[in-house]
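First chain A sits with chain B, and in the next complex the same chain sits with chain C.
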Partner chain A sequence: MIKHLLSITQLAPEDVTRVLDTADSFREVGTRVIKKVPALRGRTVVNLFYENSTRTRISFELAAKRLSADVINFSTSGSSVSKGESLKDTALTLEAMGADAIVMRHSSSGACHTLTKWVKASVLNAGDGTHEHPTQALLDLYTIRERYGRLEGLRAAIVGDILHSRVARSLTLGLVKMGAEVTLVGPPTLIPPEAPQWGVDVSYELDGVIPKLDVCYMLRVQRERQRQQYFPSVREYSRIYGLSRERVAQLPEGALIMHPGPMNRGVEIASEVADLPQSVITEQVTNGIAIRMSLLYLILGGGAGEVSDVA
Partner chain B sequence: MGGSPRGRLMERDDIGRAVTRIAHEILERNKGAEDVVLVGIAARGDDLALRLAEELARIEGEKVPVGVLDITFYRDDIGLRAEAPEVHETRIDFDVTGKTVVLVDDVLYTGRTIRAALDALVDFGRPRAVQLAVLVDRGHRELPIKADYVGKNVPTRRDEVVRVALEETDGEDAVVVEEPQA
Partner chain C sequence: MPKGMPEPSTVLFRGIRVVDPATGRDGPGDVLVEDGVVASVGEAGTASAPRRGEVIEGDGLVLAPGLVDLHAHLREPGREDKETVESGSRAAALGGYTAVAAMANTDPVADNAAVIQEVMALAEKAALCEVHPVGAITRGLEGETLAEIGEMASLGVRMFSDDGKGVQSARVLRLALEYAKAFDVVIAEHCEDESLTEGAQMHEGYHSATLGLRGWPSEAEELMLARDVFLARRTGGRLHVCHLSAAGSVDLVRRAKEEGLRVSAEVTPHHLTFTDDDLSSYDTYFKVNPPMRSADDREALRAGLADGTIDAVATDHAPHADEEKEQEFDLSPPGTIGLETALAAVLTELVEPGRLSLLRAVEAMSTAPAGVLGLRDHGGPVEAGRPANLVVFDPAAEWTAGPRFASKSKNSAFTGRALRGRVLHTLLAGELTVRDGAATR
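What follows is the complex of A and B.
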């Protein structure tokens, strides 16, 4: 496997399959009375979060704990970071305390990559700026594969603010890598100009895309983007790009509705749509723990120093 | 295929007879199949466990529950190898608490796999007793562990490889001792 997980592009299709297959076993662990295995006993995992996050941090924390690793949560408020400590000094301090892996979220794209140059510990990207969020993409791939038994040939649309979404970037690259057909949907202002080079289709309207989808993936719309004038009003956005009851009726039967959370009910997804049986949003959360266990196990369960470093 | 074969220790019929005998021994020792459950250790222990269950059903007319256990997460050498060990399926969809669990594996060697299996098993409940059935005991124990039911005792050198092939996964039934690979 790899030493660091910075980007979904590091993984070959067979690596992705291995991560998903291993996650299957960890899913089973999650159904036991004792949801814990001793695989990473004695290892230390640090959650270093420079941006607010509830679900990703808790998910990583639970994943590490279920592997019997020791977990340290380090968030920037109330820590030495608020006293002006640099990322490098913080990382070196954590490493001096014996961290084997650092899970980092940071507002700057590429921060995780930079971190790998300073520390010997493995670095796992939990979201860096508008760049990538590879563990989210892998848990989404897992959730889709679980329902369809495959990824190849599936048709997926990712709808919303593609431009600022690290989830969209990672998931698109992951889906394309695994042979799925991806359409990116959103207002022209929120589709990155380089998107066609990712091997995807682009559409500025949702209605024409809906009837042929296996997966409809809705992205969170940040209201501040409206203030930055990427779209005229939240209401208009919701009318054109929101997943309403009427649009769901046009989806093929059994098509999955997904969302990385946290949701704006009534904006990008109608509240009753989020609660439909075909919406797998809570399954995504459950699967996230298994995927992160899988990644921590595969990255930390190998020998020190012998793994190939792709960073 | 690995190194050159030193010899075939068991053929299809030998394995069949060993499984039948072990089934009888399990019934004798436990005075029937009541409260007996089988848990095979992946890979191949699970295939053997299913065969044992078939024999038990044939002899006693009683179906015993069969589970499969992957011990990877309980190994004592995680982090000592270049790659994290490959993971198999675990499926124990019955309660082991109060049962007599017969662990089933193909080869008993250092005993470390069984140590891991015992640790894993107690995470599923509290069995009344745990017994161990193996097709081949090749010696060289590194832990105080002993099998209750043995298909065949085979003296080996440490550097030899004992390979159990089963129809279900390998397409044929055989136990082979191979010289170490150069």
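What follows is the complex of A and C.
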């Protein structure tokens, strides 16, 4: 297995399958009364979050704890970072304290790559700037595979701010890697002109895409983008690219509705749509823990051994 | 000559390959340097050893006019932790340079006579190569009001630039081009339309999209360059374009020259060598402004240099402290050092593969930039009676760049790269500032 997880591009299709299969065997742990296995006893995992993220941080924390690792949460507010400590010095400090893995969320694209230059610990990217969020992509792939039993040949649309979305980047590359057909949908100002080079189709119109989908993945739209003039108004965005009840009616039977959270109900997704049975948004959250257990185990633990033995 | 300087050396370079673009000469010869000047240039093997001084056998070596850099950031005054006029001059001499233009974006900005005189005094004290301060076009590089170009010109400043920033207002640049005509000085423009590059980190293209870094589109350079060419036509002023990076810019300069406008241009060794593909590991040493662009752009730059559309190779030597470069990519300042690797980069990337003759390479690194700056003592010709500003290099020597440099900073995009061609000796007014690849002081 790889030493660091910085980008989904590092994983070959068989690696992705292995991460998902391993997550399968870990998911059962979460249903037990005592939700814990001893796989990473004595190992130290540091959650280093330069941006607030309740959901991802808690998911990683639970994953590490269920594997019996010691977990330290290092949030940057009120810490040495708020006193001006550089990323390098923070990294060297954590290294000196014996961290085995550092899970980092950072507002700068590439910060996790940079971190690997200074630490011997494994680095797991929990979202870096507008680059990637590979664990989110893996949990999304897991959730889709669970419903369809496969990824190959599925037709997925990822809808919204592709340009600034780390979720979109990782998921797009992950889906294409696993043989799915991906269409990126959004206003032209929010889709990089070079996107087709990722092996995807691009559409500026959601309605024509919807009837052919197995997966409709909605991205969070930040209101800041409207201030930056990427689209004229939230209202117009919502009308053209929001997943309304009417659009859901055009989806094929059984197609999945997904969202990485946190949602802007009423903007990119209608509130009632988020709560429909084909919406798997809370399943994504549950699966996130199993995927992160799988990754921590494969990267830190005996990735060579049979996972089921340990679990 | 400043006090305390050693006497000029007497040296005979015997049987050396003389590459002298000013005369078109490329062939073996004997070159005697005495009393600070080239005493004689003769057929190889005809000169007898001088009574005093020494003889350097030229077997396999090249002698050329000393290199001239149109674009270096020597950081003094203000950021002496990154570079000083002395350390930058030493790096320049080691790179084969005998004259360097020092950019104005110091702290305080070189937008007045006092700072210009300070830099000149520091250069004279260091005496490792000539340093010609560039004056700012506008006060404080703010792009709003013209700096005292006339007063700085009276001190000998030949080039004015707000480099680091483009002059955003077309009106201000028009006035600068017009006003500069009174002193026959050059306006050197960093072409970047800032409304298209806010927060930009790298060339806008496939790699910026994939790496999630905000793009710096080629159009931001091309738009301002096109505007500036129109203004050069309107005003008849002399425009020099700094660090071309985009294919479209090469076309714009080519058309401007065909039209007979007074436009010159430079390209850096790093834009001739690297592409945006080199940024995939977020290595901040590759973060430069303008950014490394696509392979097609690099190809256009190489072709433009070969056909003379681009006049000169200039380093854009930009030293930065370790703690600035060892940061998150978007926090790191742009820039790479280049004085110590420029000649080798051009020899390795362009001359060795046959894209550029050695004569054209020396022209682009010495004769042409000396012409842009109006430096009569540099750039050749290598003839009897001329000041002995010379470089001697071994075009076949192989070495690896870095990680340590004579520059106070080590942020070189070339670090770890195998290069071919090494400077052995540099002569400034007949004195060896570099001997056997080491600075003499």
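The rule is simple: the second predicted complex is superposed on the first by the 301 of 311 C-alpha atoms of A that agree within 3 Å, B and C clash if a C-alpha of one lies under 4 Å from a C-alpha of the other, contacts with A are read in each partner's own complex, and residues count from 1 in each chain.
Rule of thumb we're sticking to: contacts are C-beta pairs under 8 Å (C-beta built on N, C-alpha and C of every residue); 3 or more make two chains touch, one makes a residue touch a chain.
Just so you know, these numbers come straight off a predicted model, no measurement behind them.
Contacts of A:V176 after superposition on the shared chain: neither chain B nor chain C is touched.
In the superposed model, A:V71 makes contact with neither chain B nor chain C. Once the two complexes are overlaid on the shared chain, A:V234 sits clear of chain B and of chain C alike. Contact with neither chain B nor chain C is seen for A:V202 once the two complexes are overlaid on the shared chain. Of the two partner chains placed by superposition, only chain B is touched by A:L40; chain C is not. Looking at the complex, you find that chain B touches chain A at residues 70, 72-75, 78-85, 87-91, 119-120, 123-125. Residues of chain C that touch chain A in their complex: 201, 205-206, 208-214, 281-282, 284, 323, 326-331. Chain A contributes residues 1, 21-22, 24-25, 28-29, 32-34, 36-40, 43, 67, 297-304, 306-307 to its touches with chain B in the complex. Partner chain C is touched in their complex by these residues of chain A: 86-88, 106, 108-111, 113-114, 128-132, 163, 166, 169, 192-195, 197-198.
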